[in-house]
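Pasting in a structure now, in structure tokens, and then I'll have a few things to ask.
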């Protein structure tokens, strides 16, 4: 994760769908913070994108981050 | 995930059962955002739908999303 | 999951134990929504009901759903 | 789980430690609800009680249930 | 877990770091409640302390317990 | 974890991105508390940083810690 680059300005989004997209972004940044090498990530992506358990695990992390973002946005009400 | 298509307008549902169905939808979108190829998804679905641990993992993701949706709906009270 | 059938009318239960039973039901519906074939489910059930990690994973999903139901019932106070 | 037997009267406990013990009980009931046969459970217990990942997974389920019980008791304050 | 011994008097700690240490303690008690034999625990500890997935799983349980303790302490504000 | 060293003064951060960085730090401290040997950690890091499931699991732990930190900061609003 490049420290100087701003990639997360706010948890507030216009609507639930953009909130879900931010949850996906957060989940990917969690991966990137551990493995910053884009080439390695591309190779691994192919691997887990073709594995049922890998995809379910990815959806799980998104769900946890979406919980945070939904609370931050007071559920867009 | 096709960005232009609106698939999540609101977290509010009429009742708990529709909330549960929305939780299922969110869980599937989490998978789709990582693997958008429908043919690959169909093949993998067969795989984890016949695996005890795969089904339990799927139910786990739904449970996390249902927690978010239930809070958004103030538990339909 | 048969859409027309009402299986989740409310998250409110009379007491914590009934809340726990509802959490079990939700967890099973999560499985059923992915694999609706009862015969397959019966076969798989035998499998994970005899696996330590399968049983712990099942208990985990119930715990997440019980958290939702407990909050909905304001912890039965 | 024998339906007639009352095993969960309340989520309220006298102190955090009793709350933790209740969390352990809930976690075990989650297992028992899926596999009610005591003999099978005894055999499986030996298995996961000697597996690092099995013990960590058990501790994880207890942590989720302890979260619920702690909230129910307003953190014993 | 020896029932007579008091090991958890309160969830309140002086500061976040002590809260994190309490989260570690809770996570270990979860393990101990399932496997009380210290010799077995020592042997297994060596095993998962040298496994990447074992260490990540341990950190996950600590994170869940830290969530509970942080809420109990109103985030030390 | 060296007990005398202060590594977690507060859960409050200036903005969401610094909160996310703190979540990464907490996740790593969870690992370090179980395996304090830096050389072992370096070796294991190489291992899971090249494993799709290891990276997803790391992102999951960060997501749980980010939930705690976001609540502590009232979502930076």
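So that you can tell them apart, the chains are marked A, B, C, D, E and F in the order they are listed, and the count of residues begins at 1 in each.
What we mean here is this: a residue touches a chain if its C-beta (ideal position, glycine included) is under 8 Å from a C-beta of that chain, and two chains touch if they have at least 3 such contacts.
According to UniProt, the chain labels map to these proteins: A, B, C, D, E, F = Peroxidase.
Note that the coordinates shown come from a computational prediction; the quantities given were computed from them, not determined experimentally.
Using the contact threshold fixed earlier, the set of chains in contact with both chain B (Peroxidase) and chain F (Peroxidase) is A. Hopping across touching chains, the smallest step count from chain A (Peroxidase) to chain C (Peroxidase) is 2. Different-residue interface: chain A (Peroxidase) and chain F (Peroxidase) share under half of the residue numbers found at their contact.
Averaging Cα coordinates per chain places chain E (Peroxidase) and chain F (Peroxidase) 16 Å apart. Averaged C-alpha coordinates put the centre of chain C (Peroxidase) at 31 Å from the centre of chain F (Peroxidase). Shown for chain F (Peroxidase) are the residues that touch two or more other chains, namely 45, 48, 51, 53, 57-58, 60, 64, 67, 71. Because contacts link each chain to exactly two others and close back on themselves, their graph is best described as a ring.
Traced around the ring of touching chains, beginning at chain A (Peroxidase) and stepping first to chain F (Peroxidase), the chains run A, F, E, D, C, B. For chain F (Peroxidase) in complex with chain E (Peroxidase), the touching residues are 1, 3, 6-12, 26-31, 33-35, 40, 44-45, 47-48, 51, 53-54, 57-58, 60-61, 64-65, 67-68, 71-72. By the touch rule above, chain D (Peroxidase) contacts chain E (Peroxidase) in their complex via residues 15-17, 20-21, 24, 45, 48-53, 55-60, 62-64, 66-67, 70-71, 75-77.
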